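Same chain, two partners: chain A is paired with chain B first, then with chain C.
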Partner chain A sequence: MSDVPAPPRLQSPGQLAWERFIARGSSRFGMVVMGLIVSVGIYAPFLSNELALVWWDKNGLSFPAFADLFNRRSYQKPHDLFFNVTALLLPPLLIIQWLVRQHVRISRRILGMVGIVVAVGLLCWAPFIPGKNGWTAAWDHRPFVEQNIQTWRELPPDSRPLAVFAPVKHRFDATYPGAVLQSPGTHNPLTGGTYWLGTDAGGHDVLTHLFFGARISLTVGLVATGLAFFIGIIIGAVSGYFGGWIDILLQRMVEIMMCFPTFILILTVVAMLDRDIFIIMVVIGLTGWAGVARLVRGEFLSHSVRDYVVAAEALGLPKWRIMFRHIMPNAIAPLIISATFGIAGSVGAESGLAFVGLGDPTTPSWGVLMEQGRQNIRYPWLIYTPGLAIFIIVMTLNLLGNNLREAIDPKNHR
Partner chain B sequence: MNAAKWTLLIVTAALLIYMAVDRWRQPQQLQRVRQSVDRLELALQELSRTQRQLAEALAKQPAVIPQGNQPTTTTVHAPAFDPTVQDGNPKLGVNFLMPYDRSHYHPEWQGGTLKAFGSTPRGLNPLTDNSSTSNDVHARCNDSLCERPATHPEQWSANLAESVIISDDYQTYTFTLRKGVRWQRPTVASQAKYAWLAKDVPLTAADFKFTLDLILNPAVDCPALRNYYEDVEKVEAPDDHTLIVRWKRKVYTSLSFSMGLSPLPRHIYGHSADGTPIAPEQQGVAFNKHWFDEISGVVGVGAFIFEGYEPDKVMRFRRNPDYWGAPLHFDVIELNLEVKKDDAQLIAFKNGQVHTHGLTPLRYKAEILDHKEPRFAALDPNDPKAGRKGELAWTRFKALNFSYLGWNIRRPLFSDKRVRQAMSHAFPKERIINEVFFGLGQAILTDVHPDNQYANKAVKPYAFDLERAKVLLAEAGWSDSDGDGTLDKEVDGKRLPFRFIIKYYSDSPEWDNTLLIYKNELRRIGIDVEPKPFQWKELIRVYEDKDFDAVVGGWRMDWDIDYYQLWHSTQADVQGGSNHCGFKNARVDELADKLRATFETPERIAIAKEIQAIIHEEQPYTFFRSGEGIFVWQNHGKPATDLYLKGVTIGLDTLHPLVNRSAANWHFRE
Partner chain C sequence: MLAYVIRRLLLMIPTFIGILIINFAVLRLQGPTLVEQMQVTGGMGEGATAGGGDRKVQGAAKDVENYLDRFRRSGNDLPAILNLRGFYNTADYARWLRDTVANGRHQDKPSARNKLEKELWLAGPQAVAPLVALVADEANADIHALAVQALTYCAYITLNPRDLSGLPASELQRIQQRNETLRNNRILHTNTREAGVTVVDPKAAEKRAVLLALFAEPQIQAEYAARSGGALSAMVFNTGFVDFMVKLATLDLYSESRKEYVFTVIADRWSITFWLNTIAILIAWAVSIPLGIRSARRIGTLEDRTTTTTLFLAWSMPSMFLGTLLLYHLCTDTAASKAWFPNRGLSSDGAMWFPTGAYLLDLLWHAFLPLVVLSYASFTALSRYMRANLLEQLDADYVRTARAKGCSDDTVVYGHASRNSLITMITLGSGLLAELFSGALIVELIFSIPGLGWLMLEAAVERDAPLLMGSTVISVSLLLVGILIADLLYAVADPRIRSRYV
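Presenting the complex of A and B:
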């Protein structure tokens, strides 16, 4: 805030903005909420699973839920695998980073680059592990794991192995006998668990659905926004930097895109294509770049005439280098704000699509759950729970974006 | 300069991407072109064949008439009712029709308006618009020669024909028509322009001859319907009340297509708008775009007079005061074409805007089982008629349809019958019916309804048994050789994992759940299945192109069974053929052909049971369930509503034609 006394050491504008941002209570609150949602998404298989987290019988100690993380027969969609990899690798990576920073003097920049390399490795989705037939992809089809709560309960009490189970004892893609549209608090005789938030029309536990739906919402937000920004930044940068007739041409393109009511456009396109969650993400991304292009163009227009750009041009640097290494870092701040809102918008758009019945029915997304609530209006928990979840994530992202804007905007800071 | 370079780069990149995408799509486009060429070729073949047959028939005509006339012109007038002969089962040389039944009509219930939901027809031509909406309109307004009694759909009773004599080894049908049946006067006859229609016209055999001639006329745009009549040799109307239909060969479908024929008004369709007769050679072309269709006219001899419709608003029928038979109980039928979404329809029904409706399984669960709507009476296991006690009444009804999982026998995964049997053993049919469909529906073993006399109930069902499935798969050579949990097998030198996609209809939460349960069961025995939803139109293309490993589907069930369309090997490789699983069995082919030429019921039953036993053994489908629905109606309210509702209640007990027809429409919602 403005009345904080200026710190004695030199700070970059980024650090200053971050301090202003984090000084706000609502920012800290929003960060905590987002952190919770992301953690729930990443650790959903440990929050809700039929498989034992730890299983200790006469064959020794095993960790079925962990072993199952890379089983393609349990997790078929690629985003699940991404989150599973993250779940497994995030804690060691954080520890390594902490240790490195403790003991080695290393610049943030190099650490960040290493971080990016690791993230790309994660994104490749298939870390290779040694196996019988040499190194094979970790994400593969594996045998059905029997060390689950149902087997455990079927055993006589005195011969049950020591086992630790997830707090919610339901699989996200299981339909339990007689579980269709049960009200919150109903007991599941098969697993001994309780449907804390009831079940949906497919006999799935709503709470489990919410946990795994967080993954979908986050993926949709990131992929769709990432795609929109990729296109928007290229078009906006080219348009703003070169100006002239290229600018005129590209801006007319942007205007044509902006003329379409976005949601109606998405509806039309999705209605013609397959109901696959990744197609939906791509469509949301492909229709959302116009605003970004406008924003980037404005930044590039104002920067392209500044002295440092002229100096770089005089040095004979290639255009792409000036655009993406010189101007881009200076123009990134408003983009970050815009991205925050973009993610919120994408999450809303995906839920909206699913709500009108154009979602991917094979994916446990919050919107799909809400659409079930619309169809089975007599069962209110199907509307309230996913509705509340979507409300929280969208509101939090908007709150963070707003605070970020105020923190970065130099006019707000004396 | 640089700017131009950049643009060029972007344009080139875009072009490259477009070319790549286009190249990738090329095989699909080519395939589509090839398919349409194939289709054209088939249509051309069909056309030339029809032409040839027509030419042959014309050439033979003078020679045939004196031969054929001898035995058939001896018109037999209906003698006194003889229950041993007139049992409704086809016999040679005697009138076997049961007498027309008027017992369902109670004059004291007459009156009132029935309001229900309907849909806007695309057109109302009785022959060329072959949609269910159009068929419903005509069925309400018109009658057929003979009728299947609702209580015994396997038998035949008199209707427009008082008697029928089948002779000449089931190749000649001689109908004696009912006297005193009159055509309805069209509603447009009150206009001056159509004043020539304002006359009283009796129904005669010439009307039937006119209808059949139209169907057989290659110029008329009804190839599907004509297909069924292609074996008709000759139609004659020697006098006003005698109709003779002669078939070229002994084929069982001739029975239902001769006896089920409905007449078209010759005095309308044979004339142009100003009342001048149309020349016979112009008739076919004129009929395709007839003026009477353009004013949405429907005229019949049936219980209701069609009063017209406003698209997406309302369609009206009025009781025919001069109806020859036992009328239905309503004075007016008003169909609401406005409300289309299922949830809006339910609300409209509850608000009393319409009197009848149907519930999907999930709605049945919400409204009745969970009793969220107190006006419905709760389910009472001891009282099958408990549903009728509430302010809003409900009852279960059986729909004549079934659903299945089809296995593509052409593909290496499902070419072995033991694999298909294993798939059936792994399908928890009863559990799914109870949990996903809330008990609505009946598990089936074959494609014949369990209530039908043709059903073979002696076959042993494939009970849910994962161990047995594993054994069968192992016998067929499937084992998990690489330890990844998925079964695999060497096929043509390659290791093929047991992994496939099952395609299904996307707007059905019931199928979503069914396939999820199945997927989890299959995972236990080492089979990976991915359910993939499709829009209805895309799914039809999947069936037509046979582009699937496994697919979900459903068929209507007929009381008269015929194994040709679904299971004959000639239907397996035809584009758009109904045997999409590619089932080929020489014995079934032989029996299906034999069944088509057999008329005696006991023999037909024996043949049908043998076919079913083979199909059951081969399991090209995993047969799932025959449909059951929930019919709801307003039980209390205005007095007029009460009156007609007695009619509906009775109707359901006896499968009232009106209700039965609407019931047949509901099953498509699944």
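Presenting the complex of A and C:
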């Protein structure tokens, strides 16, 4: 009995594609780089902060930088709060998902993590957060002024409390007097830190700008692409599944969007509205759905005549269920590839917009930094730093998209 | 073949109309409203209380008239798709004016009262007749001052630059005189929630009589009636959308920031962009097609891998980064050396006096880096497409057949495979015509070349919607023409399409 051969390991097409994908060195490299960029984005407040991470004086132990994460005066943009929530929630969530890995499917685990982060992030913006003076007060003040590096350095050395500071000792929203366009390596007398990558025309530290700019780029990529895919999938699915005059009508809409010079349309709309980073994201998303719709329509057209769909229809399942629970999972592969390129495209579009001077001037986006580089052409660190950052994130996403395509598409095994 | 062309043309009509609708929607997003604009200058005229006096009121009236001019020139004074103003009668306007009084005002933000009132001012000639009836009626004495104010703005006639040069001098003078009369005969009043409208003008009765006498003339009544059209036809035709379409069709779009008609501005600027893009596209195609073919034929070799990797890296490199780098390294004077290339414009100072040869050299020297950045952006993508497409073709059965019957490698590649990848190349080329018109925004910005891209950027910064719309419409039309040409070329290149329609 013992020489019965073990049953062959069954692998789904997804698993096969994943194995082909991860077998390539460049894929692993790309994943590591993306992971680094995401971690830098998430943990930016711990990489670069004036506040002490740990502060131990006679009043006891405190963690000002951590408490500051939920301070709406410090982090005014919603995406910052989301990233801060993620920073705190990610380690426990990762541990939990590792503990339940035997019982829950990977897709559910990832969905659950994202769901929890989004829910808590939204909760931060809800008006009923408890605090000392009413419910919102704790989230709207800026308490930790005395626990930052500037006050620590002003104290006499023997009475300084025990404190741990971030590796880069600059705040992302602080401008330092006399720090305009300083070259890399200049010392900051106020915080005792060094401008490792120099400062920009507004007196911000470029390295800090770079860390927090990763947040903007990732948010733009995800929100704009997410919106484009949301619209594109719905329109494409309806168009491909129902056909007929709905299809003709929706195809006209897609054609109209395809014909528009996208960048000029974005430029026009952004020029007419406020230059807010979220408006920019939404506009990029709203102009980018046509390609997705066309892709999804093609998939749905080819799937809607297959046996399994006919069977589902014969069972009398509702149409939305057939569309999104039966056909959609079969059409997801090309969408993943396209999303990877889409994220790269939106990051490029946002920085291009900022580069031509139509970005959100209140956010530390990489494109804004690059525009300063163009205007102050003699300060090359303002060109190289953001330029390389944009180049690396776009290249990595393109690389991952390329490898995914080659892994998923069985025709393309070279 | 003709049926094919006609079919393609018919398919384009809904697309073009859809594009015009989106353009119109974007135009309606345009900047601050009348209320907001007037808050900036603070000139309302109506607040001319004790200290004010006639001079101040007239100055404020001028401001309002300037804004009305802007709104009427851009067509933003009209309702978007349905104009119901023609159906309002005197009683409706009386209610409207009483509402403005009842709605009170806040110190710091445009209140409901302000908004209602300014919307009334935008109503234009259609409101003239009912408002005159309202002013004539003694029963409305409580709102006469407000009605007179609204009447003078509605009756005010905007003169376009084209009117200024086109109308006969006597007619022009008559209109200007009437505008002047309207401006001078506004009744000074205060307007608060508590006290309602209080007339503070000693000459109120006189002014009202002057205005009533003016509008009693049948000639003027007929003129305003002609301007407003019938209520029914105005409902459909006197709307923002129709106005936009008419302005587009008659090339009447007016750019407020440049005080010039949009298509005149574009015509002045587009030749630079056209030549620059033509040369850049020629370079890009001349480099990318052979590169793609070469790479595909040598698949798997070190050369192919190097080319593919380099092209991949170049493809991911944003052209703004490359352009700025070139600007810094090659166009900026340093302490050690002088810059190799000029950093702005397309010609040196006084280049028009150079002899032809020197002039061309100077042009080349200036245009070299912009051309590099422009063509690089498209040739990376193009040669990747070419390579991938040719590889697909070389895998096909017909290529194996061709090889089996003994065709040489060159014949297979150039005679069979590349003919089939022509289809993809035609698709890629369909956007070329539009690219000639607007492809170079970032490059023109970096190298300070006064072309169309730069013009659009300035327009965007100045929130000049008509200028942006004008260039979008041109570029979309060119794209549609490009697609049409591509469709024709498909038929030329692909016998299957040809046979279906001949």
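We adopt the following convention: the second predicted complex is superposed on the first by the 358 of 414 C-alpha atoms of A that agree within 3 Å, B and C clash if a C-alpha of one lies under 4 Å from a C-alpha of the other, contacts with A are read in each partner's own complex, and residues count from 1 in each chain.
FYI, a contact is a pair of C-beta atoms (placed from the backbone, for glycine too) under 8 Å apart; a residue touches a chain by one contact, two chains touch by 3 or more.
Here the structure is a predicted model, which means the values were calculated and not measured.
**Student:** Can A:Phe391 be said to touch chain B (first), chain C (second), both, or neither?
**Tutor:** Only chain C is touched by A:Phe391; chain B is not.
**Student:** Between chain B (first) and chain C (second), which does A:Val180 come into contact with in this model arrangement: first, second, both, or neither?
**Tutor:** first
**Student:** Considering only touches as defined above, state whether A:Val305 meets chain B (first), chain C (second), both or neither.
**Tutor:** Neither partner.
**Student:** Could you say whether A:Arg378 touches chain B, chain C, both of them, or neither, answering first, second, both or neither?
**Tutor:** both
**Student:** Once chain A of both complexes is superposed, is A:Gln76 in touch with chain B (first), chain C (second), both, or neither?
**Tutor:** first
**Student:** Check whether A:Val104 is in contact with chain B, with chain C, with both or with neither, and answer first, second, both or neither.
**Tutor:** So A:Val104 meets neither chain B nor chain C here.
**Student:** May I ask you to decide whether A:Gly203 touches chain B, chain C, both, or neither, giving the answer as first, second, both or neither?
**Tutor:** Touch status of A:Gly203: first partner only.
**Student:** Between chain B (first) and chain C (second), which, if any, makes contact with A:Gly357: first, second, both or neither?
**Tutor:** Touch partners of A:Gly357: chain B and chain C.
**Student:** From the superposed pair, tell me which chain A residues show up as contacts to chain B and also as contacts to chain C.
**Tutor:** 357, 374, 377-378
**Student:** Under the definition above, what is the set of chain B residues touching chain A in their complex?
**Tutor:** 2-3, 6-7, 10, 343, 362, 365-367, 370, 372, 431, 435-436, 438, 480, 482-486, 497, 499, 506-507, 509, 512-513, 516-517, 519-520, 523-524, 526, 528, 530-533
**Student:** With touch defined as at the start, can you tell me which chain C residues reach chain A in the complex?
**Tutor:** 14-15, 18-19, 22, 26, 29-31, 299-300, 312-313, 315-318, 320-321, 324-325, 327-328, 332, 343, 391, 434, 438, 441-442, 445-446, 456-457, 459-461, 463, 465, 468-469, 471-472, 475-476, 479-480, 483
**Student:** What does chain A use to touch chain C in their complex?
**Tutor:** Interface residues on chain A, with respect to chain C: 252-253, 255-256, 259-261, 263-265, 267-273, 344, 348, 351-352, 355-358, 370, 373-374, 377-378, 380, 383-384, 387-388, 390-391, 394-395, 398-399, 402, 414.
**Student:** Per the contact definition, I'd like the list of chain A residues that touch chain B in the complex.
**Tutor:** Residues of chain A touching chain B: 71, 73, 76, 132-133, 140-144, 173-175, 177-181, 201-203, 238, 242, 244-246, 249, 275, 319, 357, 361-362, 372, 374-379.
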